[in-house]
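Once you scroll down, you'll see the structures, which are given as structure tokens.
Each of the next two complexes has chain A plus one more chain, namely chain B in the first and chain C in the second.
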Partner chain A sequence: MSLTVTDLKVYYRTLKGEVKALDGISFSVADNEILGLAGESGCGKTTLGKGLIRMDGRMKHIGGTVELDGETLPIGDDARMNPYRFHKVSLIPQYSMSAMNPTRKIGKMVGELVRSRGVKLDRDELHARLDQVSLPREVLDRYPIELSGGMKQRMVMVISTLLNPSLLIADEITSALDVSTQKAVAKALVGFRDAGFVKSMIFITHDISLTYQIADTIMVMYAGKLAEKAPAHTIVSAPRHPYAQLLINSLPEVGVRYADKRLSGIPGSPPSLLDPPSGCRFRDRCPLAFAKCAEEEPPAVEVEPDHFVACWKA
Partner chain B sequence: MLELHDVTKVYKVGAFGGKTMTAVDGVSFDVGTGEVVSLIGESGSGKTTIGRMILGLTSLTSGSITLDGAPVKPGKAYYRSVQGVFQDPFSSYNPVFKADRVLRMIKEQYFPSVPDWDDRVEEALAAVRLNPGQVLDKFPHQLSGGQLQRLLIARALLLEIKLLVADEITSMLDASTRIDVLNLLADLKARGLGVLYITHDLSLGNYLAERTVVLRHGTVVEMGLTEKVFGDPLHPYTRQLLSAVPRLGSPWEEAAPADGCLYHQKGATGRLLAADEGHFVACAGLDDCGGPAA
Partner chain C sequence: MRQYFGRKLLIYGLTFFMAVTINWMIPRFMPGDPVAGMLARARVTQPEAVEAMRAYYTNLFGFDLPIWKQYLNFWAALLHGDFGISVWVFPTPVSTVILGAVPYTLALMIPAVLLSWVVGNRLGAYAARRKLLDNSVLPIGYVLTAMPYMWLAVILAWGLGVVAGIFPVAGGYSFAMRPNWSWEFLGDLALHWTLPFASLFLVALGGWAIGMRNMIIYELESDYSNYLAALGAPQRLIRRYAFRNAVLPQITGLALQLGVLVAGALVTEIVFSYPGLGSLILKAIQNQDLFLLQGTFLFIVLGVLIANFIIDVVYVVVDPRTRAGMAGAAA
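Let's look at the complex of A and B:
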């Protein structure tokens, strides 16, 4: 097991109280596995991604452990976490447009960055990786502003994975890109995994169709909790959790027309995480909810091997 | 109803406007009453510029846009017929004021002496399936993105408009609420509202629209009935776009190579030729080209 997260709780401190953005989530990611993390805005997927590498000042580690390659990550301690960043855990930020230093040529910036981590830059390796994502080697002599959005995104991907991290977190990296660029970036990610540059990956996006294309396992989150986690084809073809079912049925696909098949959304909106409701957090919007849902919180149960569902009716 | 004829927009760029950039180049199409036309293109294809020109927010360099035969003349009368809703509902509102101020401003500007105004507001909110108690007298930050976006559509409905320009209105919304906004547009179509649905998301455009216009670098590469453009794409660019759309249940595949003339293979643009009834594809019309070989 490359990554094992056990009962992780991360809250946000606000003036009104603690927002329970991530409230007891447990899962594991195997070696060479791409885990797709999907859910609505505010479900805690970004909090989870940030929690694994760097918490910002408002975030507070309440409980739970994160174990990577048998070592427990000190995720609540910013300074002690520093040696792990970039070496063991790395991140591809969403806004690659602003991720690179605009005043340095890219090659120089990469050199400085790697040196700051106490590693000598291996130019040949860097060139090989540029080839891997089909970027010309000349980009190293250019400024970030000279690259297109898709090229910048791929460049940042190369930089993030340069030290062969065990875990790579990709947070909404394609949401600002066009479909054809999105495809190229997503395929490059899979290429990194296949080439062994990264051991495992967490791919965060709100677009389940895109996650399906590259992830081995998909985890659907709702209001800071795990709703369902299963192999990608299982979650798309036979979801068990009512939220996952509704979410997948609400996606329009090429070929589906309003006139032929009217899709429907999920009524209502996610609960406030300042004071989350008792029991199952989805019950207000759930068509299957019954008395037990309000009383007791459904645990994530392994209904089949590698298929976890947190629902009393699943 | 709305007709665009050979619309071109050239922007002046550079320090002293010394260079020009053609954002939209000779685009012609029309939107009928009660029809949804989706305008699909990647970033930089000029789709938003076209929307802004229809709304009179940007001037045309050449060509003409007419509504029921009369040219676009931005002003109160024109905006009684045409309204726009934009991408980011959170920045469309003034956060200092309550969200329903947008409805009150419509009354002050257009209907100062309508006695049954509250009934009309309720009717418009019902049409966009909002519960008045949930949205009236609230600040923008208290409402969800989907509610704010629907409130803007309700505002447009109060004016009894003929055409709605919807520019990427669902791209900031969650999957679970996005489809409700789309269904709403489809319902409004039944009341005779024409919608120009501008998007980069092919599956959303396909879900809603009767006709589709695919733009690339400011020119139309393919347009026609949605089932023909999506069911039997002729232009290589359309095929490439369609093959890049992630789909549930089927992995990505490479685009099938296009038949037809060499110019098609290179994916270039040219004048539009009719490939089929209600289906047009850009073709350069080279000497050795027999038109789109469909």
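Let's look at the complex of A and C:
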């Protein structure tokens, strides 16, 4: 078992109180597994991603543990977490377009970064990785502004995976790209996994159809909690949680003319995480909700092997 | 690259032309008649003699020509390096008077501008994201930068000069001395230099420190800093990158501030009766010395333009983005 997260809670400290962005989530990612993490804005995807590598100043680790390759990660302690970063856990950020220092040549920056982590830069390896994502080697002698958006994205992917981390977190990395570039990036990620550059990967996105292309397992989150986690084809073909069902149903289908039939969404919006309601957090928008949903929170139950659902009706 | 500098030079040329023209106009449209002043100083009572002298001086300074001709003659003389003759210390050429004052102003300005910039940037960078230091640097910086140059100068002259008696309050060197290359004279020069330098340095320091502190905080919050931190890069590396990027706007700021700093230096010189260009301007105005005034202004304009041009060149060297923009970005 590569990554095991147990009852992880991360809250944001704000003036109004604590925002419970991640409120008790448990899951695991196996070696060589790509976990797709899906959900709407504000469901805690990015909080989870950041929590696993570097929390920002407002985030607070409330409870739960994260175990990677048998070691417990000190995620709440910025200084003690540092040795794990880049070596064991790495990140491809949301903001790849501006992730590189604009006034340093890329090759020089990579060298300085790697050396600062106590590793000698292996030029040949770096060149091989550039070839893998079909970037010309000359990019190392260029400044970031001289690269296109897609090139910067691929360059950041190469940098982040250079030290062969056990876990790679890819946070919304395709949202700023056009469809064909999205495909190239997604393929490159799978290629990294297949080549053994990274052991397991968490691919955060709100684009379920893209996740389906590359992920082995998909985890759907809602309001800081796990809604459903299952192998990718199961989530898409036979979802059990009402939220996952509605999410899949709201995707456009090939061959249907939406001029005649309106594409349905999910009415309502997620609850405030400052003071979340008791019981199931989805019940206000759920067509199946009944009395028990308000009283008691549904636990994530393994309804069949590797298929977890947090719903009383599932 | 060549196109960029060509365009820059054209703009500087135009600025120079406009500045020289305005420079020529201002003293000429000032009320008062410099020749009358000279005649009054000569105390000649005979009306014929006065008339003869008036005719001589008017002709000498070229005031009898039509105004457009005076303007053209002015340019012609200027291109020959001739700034005219001073009215105040007649008949010394203006260029000699100015060259006597320029070393003092430069000795004051160059260290004050550069040191305050370097020290202010360092100080601001240290203060950013360090609570204790920030809480002292920020308020002190605000107080310093809000101070008018001459006011701080007066306070320093009073406190350290009159009350404490450590530094002399006026002049470029002691009245009892004659300029020579002895250690004694140089020491005296340095002693007289300290207070005007300190007042210029301190006021500018506050502004640079505050600007740098804000820029560093902005850079430390930026995406590349976050990415480096997420990959566990040490603070030292992140701060070094942030400093380098934060310095770029400060360089532009230096170019913009130069004019203000020069003006500040002039006023400070007057407070300390320091024998530089500032004192010269005051004397020129008091004595209706158009040529001296015009020459001094011209000198200052030239200085600011040259300094700006140097900063333009420096900017191209330190910011790769301006270079890439000139070459046309390669995909």
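Definition applied: the second predicted complex is superposed on the first by the 308 of 314 C-alpha atoms of A that agree within 3 Å, B and C clash if a C-alpha of one lies under 4 Å from a C-alpha of the other, contacts with A are read in each partner's own complex, and residues count from 1 in each chain.
Everything below uses one rule, namely that contacts are C-beta pairs under 8 Å (C-beta built on N, C-alpha and C of every residue); 3 or more make two chains touch, one makes a residue touch a chain.
Computed from a predicted model, the values in this text were never measured in an experiment.
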**Request:** Give one word, clash or fit, describing how chain B and chain C relate on chain A after superposing.
**Result:** fit
**Prompt:** After lining up the shared chain so the two structures overlap, which partner does A:P83 touch, if you call chain B first and chain C second: first, second, both or neither?
**Reply:** second
**Message:** So in the superposed three-chain picture, is A:L247 touching just chain B, just chain C, both, or none of them (first/second/both/neither)?
**Reply:** first
**Message:** On the chain A superposition, what angle, as a multiple of 10 degrees, is formed at chain A by the C-alpha centres of chain B and chain C?
**Reply:** 70
**Item:** Smallest separation of CA atoms, chain C relative to chain B, angstrom
**Value:** 8
**Request:** Sort out for me which residues of chain B touch chain A in the complex.
**Result:** 42-43, 144, 174-180, 182-183, 186, 200, 202-204, 206-208, 226-227, 230, 240-242, 244-249, 251-252
**Residues of chain A defined as touching chain C within the complex** = 53-54, 82-87, 90-91, 93, 95, 98-105, 112-113, 116-117, 142-143, 145-146, 148, 156, 159-160
**Message:** Show me the residue ranges of chain A that touch chain B in the complex, using the header's touch definition.
**Reply:** 40-41, 149, 178-180, 182-183, 186-187, 206-210, 212-213, 233, 236-237, 246-248, 250-258, 262-266, 269
**Request:** Flag every residue of chain C that touches chain A in the complex, lowest number first.
**Result:** 222-224, 226-234, 236-237, 241, 244-245, 248, 318-321, 324, 329-331
